[in-house]
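Chain naming follows the written order as A, B, C and D, and within any one chain the residues start at number 1.
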Amino acid sequence: MSTKKSYYFITRRDFIKGAGVMGAGLAASPLLSACGAGGGASSGPVKIGILLPYSDIYAVLGESITAGIEMYLDEVKNEAGGRKIELIKENTEMTPPIAQQKATKLVEQDKVDFVAGVVSSGVLMGTRDYFHDNKKLLICANAGANAISRGAKTPYIWRASFSNWQPNWPLGTWAYENVAKEAFISVPDYGAGHNMADAFANSFEAAGGTVLGKQLTPFPQMGDPAPFIGDIQNAEPPMVFCFYSGGAAVTFVKAYGEFGLSGNIPLVCAGFTVEEDVLPAQGDAALGVHSGLHWALQLDNAENKKFTAAYKDKTTKDANVFALQGYDTGRVIVEMLNSVQGDTSDVDKMVEAMGGISFDSPRGPFKMDAKSQNPEQHIYVRQVQDVGGELHNVVLEDLGAFADPSDNSLG
Amino acid sequence: MENFIIQLLNGLVASMLLFIMAAGLSLIFGQMNVINLAHGAFYLLGGYIGLSVVRRFDNFWLALIIAPLIVGGLGVIIEYLFLRRLYGTHRHLDQVLFTFGLALVASDLIQWNWGAYVESVAPPTLLAGHIPVFSLTFPIYRLSLIGFGLLLALALWLFLERTRLGAIVRAGVSDAQMVSGLGINIHLVFAGIFALGTALAALAGVVGSPIRPLYPGLDFEILILTLVVVVVGGLGSLQGAFFGSLLIGMADTFGKAYLPEFSLFLIFAVMAVVLLIRPAGLFGLKENGQ
Amino acid sequence: MSLLTVTNLTKHFGGLAALASVSMTVEVGERRAIIGPNGAGKSTFFNLIAGELLPTSGQVQLEGQDITKLPVNERANLGLGHTFQRNNLFLGLTTFENVYLAVQHHQGITKNIFKPAGQFSQVTAQTTEILQRVGLLEQQHEVVSTLAYGQQRALEVALALATEPKVLLLDEPTAGMSPAETTEMAQLIENLPHSLTMMIVEHDMDVVFSLANKITVLHYGQKISNGTPAQVRADPIVQEIYLGAGYNENVSK
Amino acid sequence: MTSLTEQMGLSTWLGQKRVKLGLIIMAVILALIYPYVSSLYFLSLAIEVFIFAIFAMSLDLLLGYTGLASFGHAAFLGLGGYILGYISSRSDLALNLTSNILITLPLVIIGTALIAFIIGFFALRTSGIYFLMVTLAFAQMLFSIAIRWSGITGGSDGLAGVARPVIGLGSFSYEFSSRPSFYYLVLFFFLLSWWLLRRIVNSPFGWTLRGIRENEQRMKALGYNTFRFKMAAFVIAGTFAGLSGMLLVQFFRHAAPGNLYWTMSGQVIVMLIVGGTGTLIGPILGAMVIRLFPLFVSSYTERWELLLGLLFILFVLFAPKGIMGFLGVKPSTLLTQEKRPSG
């Protein structure tokens, strides 16, 4: 009999009592906590916690947003409302428990005045109760979960980014009028995917369009999308609407081209699917794709020209929508601090100031909508085009300004 | 019907990519009794090295050779420096844990070096484009991947069944002590097999990169699927790796196409059923743990 | 009714018949030795009875009950205790703990999930008693992997004894021992109560003839002789195998 | 290698029953007064450490005592959390039934025990490496269910808005709304778990598990139905993991699929190896080190995952007995637990 396959994984284990070490460890920790300074002060530097992912698949988003925030703060020499600004960055990774651990650290240990950042909707929803219960202000730089402007709204969370509904609802009407009357929908099966698909379908159907089919793909790991592309081939729709981001966006769009669908079945999508962070990897498969978003690299206005040029200067990469949102987050922070004259001791005053912020952003007019606590902003139809040998998003049409409806009536 | 054939082809593509991974994992296990949890990291590393080669020399075929060579060499070093310290009946768990630690470290180092952007590799020009399959279309690269996987399976089978080295490896599957007794340097065999296994992972990374873009986290995504394949097929058996890959590749593809709500769940359900009927996997050499 | 009845027991490994249709009976109180040259099928025969292997065909009955397909643990619970040819102990535990594990199962306290093991005084007492019987009481606190080989061999027997079997199957109890250790082991087995039925596979003919009152000889998987020690010794076929074929009595010592 | 404490002559001192008892009492007293000396932030760290200590101890019963290397233990952490979340989240998806732990706790225990039984039924048919992979695969299956079954679980966003735990009986009701009060709740469950698990591993049942770890074949030869014992251990471990998952979700007020992802299973194994398996105390130390390590390091370096991986490899290669091995406390034997009979 071969003994090779019998595993004596653990042969001998120590057996110990004595919990002293642990007690000692815990006893030492309060001493470390004494280092924290008082929070909510109105003198000294304003401390802002930055809660962003810096590792794994969302790292690019975290880095872009950080670069954007820092760029704007540099423009105002790191000063607003008469006080210096100090950023304390924490890596949320991707998981809500870690994000909440980091939020706790920022608020209770570092005693930050308020927090900015948050990429994923999961993290936003997961930390929502913490900010709400502790009456701490969070300025969200990305996560678009509709709920945070609607059912899960709290006075303490404001967005400088978008709601998932925003780019897609206007796009539905536009697609009906300009692309096709029937559409097949492909989105990942999670909150943001549902939000985006619902918004698109709502206005598309209201305009008279028909949704031929809807495919929900696994998230966060789609794997090989070929079977899903096969389903689309089989359905032979005159148009496909989709939303993907990061790795899935590249995988999906590339497979779309590989199977010869690019150019034959028009692809209309939420702008993140073909945003500047994934376009280089997608290559020609993305050429001609239409998308709706609140910004575009080639958007023609003075602010944007300044922003995109400065960003490329600073990072050597082309700006993307996340960097733009970071930049505007920096602007919102500064505007708010100016408005309260640097007094961060009263969170209600800061919250009140948030509602009155409006300025000319690289994305066009930015007006904070006090009802949805999310910007009212213009939505653009963009198309991926060859711009001097590189693929970029070029604006085809400005669909006008939209604010989140603050309820689920429009998808 | 057309859709069914397209999905069948898709299933074969997925299966062949899985097979290249599973063959390497299974080979290492069969010879050394180590489950290499860093196998996914070697896949990703192979893919990224391939990416760098393609960027630098604009030659996919070169990447196909260089990446497995580098990763295989790395495998030898790791086997020599670390794994060798952990041989012995009582340290199987330590070996697995070591490869787990290695996977954590490798995953971070890869991100450090290549960044977190999603990267994709274009297929070689020769294989770019798509051809009609009935009224639908199918990419040429994916078709050739099926052929490549089948050829590789044949080559591995010939190596194991028809060569002296293969005979030694097969003997090692059943009895390492006996091989030592025959005066063969078992350490050399171990190092060689570990190198071959890791090189196969890197090869999978390169041939996979045109259809599965590279990004941090892909390593563990691929690893889990490969583990399911070898559990279903039976560890240490090439036939097991092959038919396990087919079963899981097909289950995954047809699950996505026809039962999308259960797509992720389906492959695990297949695994549970196989375990219920044959705890050692479809081609498992023996009842494990006996 | 015989205590143990084996009928036409056959085991094939691949195409090879390791055991071909062997039948025999063991009566209460019998001390039966199974002997035969290397490759005779002794170990296979033994493992088929103990349940470590399942037969290709044939039947094993204990007290008239068919146990052919029962798993090892159920056979043990019916009173079939066995030792292993190669030491098969709990190497990381102490000698005392090794025996305790056997005793606590036999006394049926293992479902107890909250009371500390050391507080079951009947179990500890019997453990101590068995350790005394096999001469390992002094080593009771030592981790088994540190024991001398002969001591580990004695523990092997102690574990089987602790389950108070109806039939004790001993698989080469003196394998690999020095002559002095062999004598000690033989003494230990000899001193076991004569009411205990025993089956023993053994190479050392001195041990066999001093212990056994019945002997079965296997050769190439077949039973070729069966009887009292004197009968077997006189059997010309046995003599041919052991002497004529060039084997001496202590073939594999 | 002589350990540090051996060189200092400490191990005999540590081995004395009186000393051990004294250390335990001291630790408990420290833990009791901790909220009065700690900042709120460090209180939350302690809460996390205690929750993960329960999780790690539960795995120790499998890995350390029974020798079953489960790489999917997070399945039960996540499951316990989802059951609690589904019962007491205010989300539209959830039942929003009650947060009374007198109701939620039994439901979590029954639910995780049931699933542990089902997974165990499959997984325990295998052993060794197969067991490791099969448990991993089952955990991933639960993860994919959690992700896909979004109508119940909230998909990848999880179930937010979990109500704070309440204890209520008749007209009496107390809400653990402040952090110190929740700390004491967690401390209570931690001490209870530790005491229960300690009793279990020192019972005849616990020694049976050690026997299986050392040599399952021999246990069968002695008459043990080892499958049943392994199943019992698997279910008990799963239940304690479920309890820790419940507390984790009550603390973060959010049930998320990340809690049953393989990284969580990997993390708890790291805790065990760093702390030392088969000791119950080791996993507690491991939970402390691993949960606190990234907190202190990640603020300074973005490469903490690398550091953690390297630390883990070093332990596997050079200190497989973990911190407990460093402390050099010898394994206790069955007899030394109680009075040694003379002889």
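A few notes on this one:
Note that in this section contacts are C-beta pairs under 8 Å (C-beta built on N, C-alpha and C of every residue); 3 or more make two chains touch, one makes a residue touch a chain.
What you see is a predicted model; the values in this text were computed from it and never measured.
The chain with its CA mean position farthest from that of chain B is C. Per-pair tallies of C-beta contacts place A-D first.
Averaging Cα coordinates per chain places chain A and chain B 34 Å apart. Note on chain placement: the centre of chain C and the centre of chain D lie 42 Å apart, centres being C-alpha means. The centroid of the Cα atoms in chain B and the matching centroid in chain D are 33 Å apart.
For chain C, residues that reach two or more other chains under the stated contact definition are 52, 91-92.
Shown for chain A are the residues in touch with two or more other chains, namely 5-13, 55, 218. Chain D has residues 69, 127-129, 144, 147-148, 213-215, 217, 305 in contact with two or more other chains. The touching residues of chain C, counted against chain D in their complex, run 50, 52, 71-74, 76-77, 82, 84, 88-94, 96-97, 100-102, 104-106, 109-120, 123-124, 128, 137, 140-141, 159-160, 162-163.
Residues 14, 19-20, 23-24, 26-28, 30-31, 34, 37-42, 44-46, 48-49, 63-65, 67, 69, 92, 127-129, 144, 147-148, 150, 154-158, 160-162, 201, 213-215, 217, 248, 252-254, 256, 258-259, 261, 276-282, 284-285, 288, 295, 298-299, 302, 305, 321, 323-325, 327, 329-332 of chain D are the ones touching chain A in the complex.
Across the complex, chain B meets chain A through its residues 2-3, 6-7, 10, 13-14, 17, 33, 89-90, 92-93, 108, 111, 115-120, 122, 130, 136-139, 141-142, 174-176, 211-213, 215-218, 221, 225, 252-254, 256-257, 260-261, 263-264, 286, 288-290. On chain D, the positions that touch chain B within their shared complex are 69, 122, 125-130, 132-134, 136-138, 140-141, 144-145, 147-148, 216, 262, 266, 269, 273, 303, 305-306, 308-310, 312-313, 316-317, 320.
On chain B, the positions that touch chain D within their shared complex are 29, 33, 35, 82, 85-86, 91-94, 96-98, 100-102, 104-105, 107-109, 112, 220, 224, 227-228, 230-231, 235, 261-265, 268-269, 271-272, 275-276, 279-281, 288-289.
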